[in-house]
C-alpha cells in the first residue's frame, strides 16, 4: 500500500530534504507541496531555491505549489509532513488535523503539549498512542505527531541507552551546532567566520524539556516526564551540517566506559524503512566523531558517539548526528513510517 | 630599573607574541632571543617566519638568534621567558635555573610539580613564594615559575570569583578553542574547515588539575589543591584566536545570576603593568562573549563572561579570553611583572 | 572651522564605519544620523545593531535617529554622507541636493551620470569641479559627489600609476571579495563555508565602467572616459574584510616589474586628513598581500600590491584594499575632506 | 583481462584517492602499495592516516606496505600509479621504467620532457604514442605517462573545445584553489581562515606551459606546443575540494556566448571506464559553478563551466573541477585506462 503524502513548507531547507527523502520512498507517494501564499500556483522548481547538492527530482520540479491550507491540499492525501516556522505551524497544523489529515511535524510548536506525542521511533514508539487521548480531547479526525529539536535528537538515543542500563540522574550538555540548523539564511557569514556564537534562542530550554518528555513513561493516559536534571549550553559554529555535543551523564548505578559503550552499541529499537542499520556507532579513536567525517553515517540517520571518560558520578562522551537528516527531515519521515507501521494510516 | 630579559623559543607563535609584548615594555629590555640549533647565528628576521599582524620591531629584527642553552645566553640577562615544546622545556628550563636564570614559563612541563609555583597574578599571587621551597630543594640560584594552559586561564578568574563568594564543589566545562592554541602549524586547514575536533590531547587533564592547583591554598610549605570536582571536554573549532568555554559551576552556598555577576565584576587582584583595567567583563547580551568580537578586550588581557543561568546546584555561564595573549604570552609577561613586583628580580 | 555633518543610512554596515570615522574627525562634527522610517525617534544605540569591534561612541549612542528626508535633518548641517541602498539613494540624494545639502555618497546610483563627479581624491581630484556643471544643469544649491564601488577603488590607484607612466590599453581583473562588501546579511553562512561564488550581480559592470570614468580626462566641461578595454570577473570568498584582486595590465609603452613597482611606490596624490601616508605599498614577498594580514595597512586606507610578473604585453600583479574602509566609508570621508579642501563647504 | 596494479606513495592524500578508485575498478586489481621506508612492513591501515570520508576498503587495509623501489614491488605488477613528491618521483619513476614497469604518474617531474607524454585522454589521447620515442631514446622496457597539474586539468577541456572551434590566441586565468590541492598538511588553518593566499609556488608556470603542451600537435615525432599566450594567477582559498577558475580566452575567429557554450557541450573525446558521461557541463545560472555544489558532478570527473560573457577579443567564463578526482587521482586512473585501451598493457 502506498500512502499519499504532502509536504507543508516544502520550499524551505528542511522541506527540500523532505522532498529528497520522500521522492524515492517505497511507501510514500508525494502528491502535494505547499508554501506561502506568494509561491502558490508556481512550479516547485520556480518556487524553491533548491540548495540540496543532488538535483531536484524531475517529477517534483514540475509539481504546482499549493497554499498551506487544508482547502488547497487534495483530499486524498493521507499524511502531511510539516516543517513550518513554529508560529505558522501553531495555526496551520491544528487546522489540518481538524480537516482530517495526519500530520508528522518537525515544527517546534506543541511539542510539550500533554496530548501530543513527541517521538523518536527507536526510543519511545509507545508514546504514539497519545493520539487516542488527543483525538478524544480535541475531537480531531486527523492527528498531530512531533519529532524533537535537532539538538535533542542527537543526544537522546545515547542517553536512552544509558538510562535503560544505569538510570540517569543528571545531564549536562554543550553543543557545537551547524549553521544549517538555523535554516538557509539563519546565520550570516559575518556572524560566523572566525567566530562562534554561544547562544541559540530557546534551544537550551528545548533540550532540557524535550529530553525529559522523550525519556518519560507513558501509562496509557499521560506521559510522566523523566526526573533527571538536564542543563544545556548551545553554541553555533562554522560547520554546514552535523551537530556535535559534549555530554556529562550522571547515573544512579555505577557505570564504566566499557559498559556505557556496550549499552550504546546494543541499542536498536524499532525497525522502519528509514532506520539506520546500527542506531549508535561507537568510535574508539579519541578525536571522533567529527562533523565533516561522520555526519553521513547510515545515510545521515545514525548517531555517532566517542570520547568516553569516567567521571565521579557517571560518564562523559561526545555525540553527533546530521541535524537536517536524523535531526529534522529524516526524523519526520521516520515518524511517518511509525504511523504507518502502527496502523494510523 | 630595567630588567634585561631573553625569550627562549622566540620564533614560535607564542614567542612572537612575547616579542611583541616585551619590545615596548616599560620595565623589560629584550637582550636575547633563542631558537633551535639550526637557527642560531641567523638574524631574528631570517629565523622567524613572522606572522603577527603588526610588523617585527626593527631592533628585534636585527638581533642575532642564540641557541637555547644557558651558555649561549648573555650572563647579564636577569629573566628569561620560555615558550618551548614541553619535552624541550623539561630539559632546558632546569638547566637555566641551575645556571642562575629566573624563568617565567608558558611550557606545560612541571606545572604540577609541588615546588613549582603555577600562578595567575590576579588569582593566586601568594603561591609565588613556593620559589623559596623550590630553591631549597633543588639548590637552584635561579627559579622556575609557570603560567597555566590557555584553556585553564580562561575559566579560572571567573571560577575564583565564584569560589571566594560561594564555594565551588563541582565544575563541568566544555571548550571551543581557537586554532592558534595549537601553534602555527598545529591544525591543518583540511582538519578544521567545515569541521570541529572533539579532542585536544592532554588538554582535559590540564584543565582538571591546573585549576585545582590554582585555586588551592598555599600555607608557606605546600599548595593544598582545591577539593572541587572538575571535568572538562575540549574541542577545536575554526576560530583564529579566543577560547570560548561553557561552564557549569556548582556551589556550596546558594547563588543567583545577579550575585554571580556581581562577584565577577568585583574581581580585581594585583595591579601590574600588563593587568587589564577590569579583570572580568560581564556581558548582558545573551549571545556574548563571542571570539571575534570580544577576544581583544583590555588589549587581549581581559576575560569576558556572559550567558548566566541558574541551575539546580549553581550557575552556568560562558567565558572567553584571548588564548595567545591572556592565555600564553601575556600570562608569562604578567608573571614576569609579578616576579619584579615581589622582589625576585 | 568645523563642518556639521549628517550620515544617511547610519545604521547599516557602512553607516557604522562612517560613524566610527567621523566621531573622532578633526574637521567634522556629527550632528544628524538617519535611518528608515521605522527607526526614526529611537536612540542610535537602539536603532543600530552595532557590529564594529570598537564600541559605539557614547555621544553617538544617545543621538536620536531621524528619518531619511531633508525635512528631518537639521538645516545647519553642511554635509551629509550617504550610504543608502541604490534604489533609495536614487530618490533621496537628489532631494537633499535640491534642499541645499552637499552629499558625499557611497551609493551606486548616479555614479556614471555625466554631471556627477566620481572621485578618488588621490587619483582624480580635478573631476570635482563637475559640480559646477551639475549645479547649472540641475539647478541645485547642494551638490552630489560619488565614490566608486569597493572593488573598483582597490585597483584604480595602482592602475592610475601604471597609466601615468606607461599608458594602459587593456585590463583583465579577477576579484576575491570579502563578505562584508555585501552588507551584514548579504552573504549567508551556508552560501560561503567551504565555497566560493563566481558572480556578484552588477559588480563586473561597475568595475569596467567606473574605472574608465575615474581615469578619464576632465576638460572643464565633461569627463572623457579612458579608452582602455576592461573586463572583470568577480568572486565572493569566505573572508570578512579586504578585497584581493588579480590584475593583468597591458600597456602602450614597455614596462618591467621594477618600473611598475617604482611607479606605484611613487604614487601620492593630494594630502587630506584621512589620506594614507603611503598610498600604495609594494610587497616583495610573493605571497603578499593577503586579506587578513594586510587589509589594515595605513588604518585601512592604503592599497597593497605584490606578485608582479611581466607578461607579453604588460604586467600582472595583485592588489588589496580594505573594502569597507578605503573601499566605502573611508572613501566617502576622504571625498568629504576634498570638498572642504576645495572650498565647497 | 585484469591488470595488476600498484600505487606508489599510497598513503598520501592523492594516494588514498587512488586506492578508493582502484579498489572497485573493473579492470585493475590492486596488488601492491608503497610508501616511504619508515612505513614499509606495516599494514596499510597502520601506515596510512586514512582521511577519505568512505572507510578504507577492508582488503586494502590489511595489505602490507612495500618500500617505493622496483625491487620491493612484485614483478607481476603491470602498471604502477605514482603520486610522489616531485623530487622523489624524479628518481624513482625512471627506476621503475627501467625495471620494466609502466608508470601512470600524477607527480610534476618530467611533465614537460619532450619524450614524455602528458595527456588528458579526452583531449590529446594521440600524444600517448610518444612512448615509442621515449622507449627508443631511453632504452626502457617500461614507460612513463603523466597527467597535468590539477589547475591545468580544470581549464584545458573547455579551452580545447574553444580552440577546436575558434582558435585560441591568448588566455588569462585566475584560480581559486582548494586546500586539498596542497596535500593534507599543505595549508595550515592559521594561513587560510578569513584569508586567501595569492601565490602557489610554481603553479602559474605549470598552467602556462602544460596547457600549451596539452593543446599542442603531435606529428609522430614530437609535440609542437600550441602558440597561444597563457598567463595565470593562482590563489589558495578556504575550500576543501574543487578548483574554480576565471578564464579569459581570446580567439582567432569570432565567438559568441552561445557558440562557445555549444562547443563545450559538444565536447566528448574518448570513452573510458572512468570517463564522465558528459565531459563539460554548462550552467546557465550566473552564479554557478560553485565548488561545494558542483565539484562532485559526474562522480568528480566532469568539468563545470558557466558565467559566459563576450569580451572584445573572445569570451570569458568560469570553470570548476574536483582537484583530487578529475585533477589528480582520477586523471591518473583515466590515463591508466588509456594505456590499456591502446594496448600498452
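To keep things simple, chains are lettered A, B, C and D as they appear, and every chain counts its residues starting from 1.
The rule we apply is simple: contacts are C-beta pairs under 8 Å (C-beta built on N, C-alpha and C of every residue); 3 or more make two chains touch, one makes a residue touch a chain.
The structure displayed is predicted, hence computed values, not measured ones.
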Chains in simultaneous contact with chain C and chain D: A, B
Selected pair, greater C-beta contact count between A-D and A-C: A-C
Chain centre separation in whole Å, for chain D relative to chain A (CA means): 42
Chain A-chain C separation of Cα centroids, rounded to whole Å: 47
Where chain C touches two or more other chains, by residue: 51, 193-194, 238-240, 292-293
Complex interface listing, chain D residues touching chain A: 53, 193-194, 292-293, 296
Touch list for chain A against partner chain C, complex: 51, 179-180, 184-194, 238-240
Residue ranges of chain D in contact with chain C within the complex: 172, 174, 176, 193-199, 201, 204, 229, 231, 233, 235, 237-240, 244, 246, 248, 286-293, 306-307, 309, 311-312, 316, 318
